[in-house]
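Following this message is one structure expressed as structure tokens.
Labels for the chains are A, B, C and D, by order of writing; each one numbers its residues from 1.
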Amino acid sequence: MSGARNRMIARAAQEIAPGMVVNLGMGLPTRVIDHIAPDFPVCLHTENGLTGIGPTLPYEQADRNLIDAGGAYVSTIPGSAFCDSATSFALVRSGRLDLTMLGAFEVSATGDLANWKIPGRFTPGAGGGIELAQKARRVVVLTTHTDRDGNPKLVGRCTLPLTAKACVARIFTEMAVIDVTPQGFALREIATGLDPATVTAATGAPLALPTGQIPEF
Amino acid sequence: MRLPDKTTAMAEAIARIPSGATVMLSGFGVPGTPFALIQELIRQGQDNLTIIKNDANETGMGVDHLLAHGRVKRLITTHIGLNPRAVAMMNAGEIEVEFCAQGILAERIRAGGAGLKAIVTDIGRDTELAQGKPRLDIGGAPAVVELALRCDVALVHAAKADTFGNLTFAATARNFAPLMAMAADRVIAEAEAIVPLGALPPDQVHAPGPFVDHVVALDTLSEEYGVVRRA
Amino acid sequence: MSGARNRMIARAAQEIAPGMVVNLGMGLPTRVIDHIAPDFPVCLHTENGLTGIGPTLPYEQADRNLIDAGGAYVSTIPGSAFCDSATSFALVRSGRLDLTMLGAFEVSATGDLANWKIPGRFTPGAGGGIELAQKARRVVVLTTHTDRDGNPKLVGRCTLPLTAKACVARIFTEMAVIDVTPQGFALREIATGLDPATVTAATGAPLALPTGQIPEF
Amino acid sequence: MRLPDKTTAMAEAIARIPSGATVMLSGFGVPGTPFALIQELIRQGQDNLTIIKNDANETGMGVDHLLAHGRVKRLITTHIGLNPRAVAMMNAGEIEVEFCAQGILAERIRAGGAGLKAIVTDIGRDTELAQGKPRLDIGGAPAVVELALRCDVALVHAAKADTFGNLTFAATARNFAPLMAMAADRVIAEAEAIVPLGALPPDQVHAPGPFVDHVVALDTLSEEYGVVRRA
């Protein structure tokens, strides 16, 4: 993984405030866990029925019955609790989830998220993504700035089937930290060594630049 | 990662309840009723409350104190037959009472706790309890739309709580507590014992900590919590 | 309690077949428990959250947290389980309750049941009665044949607010065992020493008599 | 009173499933999937099945065997991304797939188990998953009516079962099992250990015995139950 991507993940970890209940989606978001200090007060939730996720375990130490929603073998910490799938999503839908970090195929300038279906190519199903995107108190996205073909993933309007409308507050990419504002995308921070014009060029919708110095990560 | 500490002094926790609030109370009869939190609510003086509880307890206990002190505007319940004051106040128009089939009350609370808008059921279809409620045709049969219930604050009684708010309940004292603990903007749990993180096995927790905001220790149990001697 | 009433309760107990899940309502039905043999295979359910009710306990042995829905201090048996109120009624509504025995203010010749409200006089609320009456696979009623004023409780049509329509299959009174049939009330068994004319006179709707000998209880 | 014995031989229990049946399978990935009951179902040959399961497992495991043997007509699920065969069969029109938001699948199953007709939710409102579903206005906001799901037979995996069918589940193997165990006309539970009545404390039961019809002992656990070694 590139240095910029690692710095993006470390930067995303700072979104987590003390005392939060947080769900980290599959893929890049899961890596955020490596940047949370052991004594940091936070409850990590996984939708397959665990509150209080502990460190990921290697094959030799894994419990066959204890995984996260991405299939990784995880552990418990003092104060963890298991619950069934209905209770686990009750927590999500009733507003107890302070923050979720999700992956994306596309994010629109109005915060729409598409991350579950590429018609004709890949339809894995939405899993728990719709509820996480629609009901977490704050939704941030971790994604590469462009897809494999170099096309922007930050777009004016999603072309793929939606996961949820107007849900994304902030986007972390290897290039930038970008907020979704009532006026559209707004650049907040930039990867060290990049200039704003490069980010703008890789973004599929207008990107408002801050006045003055742009913080780097 | 470590899990935050939610232990709170009783007065401080109850002070978060404003007059006019909607308050859920766990308990079916004596078991599970948060008598100490109710007493503190009476001491602090909040009034004009909407109370949601399975029953109105009995004379001199729990909900009856709230009624006697004139703190209740409205009661959503299933059965008040053991509390003559509740029946009398209802008949005199001093409180509004909304009756609900017991399992439907449980489901409406659970639906609120699960972030659902409503449930659809045929229960009570032929009774006056369904009057005025929206109807829906499901598979050719008429059904009733029962709206989800949420509240500002839920007061629940637990046998044990850890400092993060994971709760366990004793025997039939469980009843409405795990449901109400999901359905409130703020959940205050009184516990007979507060145990350290890790003392409750994760597969034996009845209400997961993330739903709970405040854990209040009960130093002693008042007489109300005891076995009722009946004639 | 009169001898006839005791015999009625003993007779009602015979409704319980091996392997059933049974809920015994407040009042007379609760007394049926005394007529179930210790080794009889049955699961008694109480809607406040216990499957597998054990014997009722005296004050000195009572557990303050362990009551049935009528407020009696009960016990567990090997294999008992506690659950919350939602799960307890899930069992009732989803068809897992084979039999319930309920009290009544009125039962109609079409099996309608009224047992929760006497307008202007007594409105305790329905508690769990509506769901028990509407959803148990078989609903039987245990009641006195007439009210305190001598008026029939078995009527052509209920005048009180209904608990559930067309739910009652059989009625046990101190006078008789009466079925609700498509043709209305039908006498099945009679209390020892009574003649059918007495039962008919105390019943507020036509009562079909069997041909031949009427079994006694 | 004593509680009835529901222990049943595996072949006898599975023989109650007819071809064409709707079958729920517990499990989220490996944990909780009733691999042994699925293998017996394959051995007996029932086909034309509607399967309800969170996911389609992975190649060579659980649901994948049913797909490979052509036993599945329809799959109601939330995510099949880890099973290329399921994706390919769906794309080729060899199976029908109904996708559901994961928590809504859980709630639809629970609603079936709770004897409700439907739930009303705003989840998926803006997605194609809600297309064609009845709409309802709740408090001025549009919501979707999601029908309750029930099945002919639920196959669930338990860590422990007593002879009456009280079940406990290990860690995240719980997931859909307690819900499916409520929502079936017949529930068959395979258990890693069958314990005597009284061995499970009554306040630690995850699925109460009255919901369960058959308890099947697992003598050994096949490789499918183990930890998956990933690249």
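Keep in mind that, in the parts below, a residue touches a chain if its C-beta (ideal position, glycine included) is under 8 Å from a C-beta of that chain, and two chains touch if they have at least 3 such contacts.
This structure is a prediction, so every number in the text was calculated from the model and none was measured.
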Any chains in contact with both subunit B and subunit C?
D
Report which of A-D and A-B is connected by more C-beta pairs in contact.
A-D
If you average the Cα atoms per chain, which one ends up farthest from subunit A?
C
Distance between the centres, which are taken as Cα means, of subunit D and subunit A, whole angstrom
29
Taking each chain's mean CA coordinate, subunit C and subunit D are separated, in whole Å, by 36
Length of the line joining the C-alpha centres of subunit B and subunit D, rounded to whole Å:
32
Name the residues of subunit C that each touch 2 or more other chains.
50, 76, 82-83, 86, 89-90, 92-93, 135
Among subunit B residues, those touching two or more other chains are 107, 110, 114-116, 121-123, 169-171, 174, 202-203, 206
Quick one: label the inter-chain contact graph as line, ring, star, complete or other.
other
Name the touching chain pairs, would you?
A-B, A-D, B-C, B-D, C-D
Write out the stretch or stretches of subunit B touching subunit D in their complex.
107, 111, 114-123, 134, 136, 138-139, 141, 143, 145, 147, 168-171, 174, 202-204, 206
Quick one: which bits of subunit D touch subunit C in the complex? Just the residue numbers, please.
1-5, 110, 112-116, 162-164, 166, 182-183, 196-198, 200, 202-203, 205, 208-211
Complex interface listing, subunit C residues touching subunit D
18-19, 21, 36, 38-45, 50-54, 76-83, 86-87, 89-96, 135
Would you tell me which residues of subunit C are touching subunit B in their complex?
46-50, 59, 62-69, 71, 73, 76, 82-86, 88-90, 92-93, 122-128, 130-131, 134-135, 161-165
Contacts from subunit B onto subunit C in the complex sit at residues 28-32, 54, 77-82, 87, 90-91, 99, 101-107, 109-110, 121-129, 159, 169-179, 206, 225-230
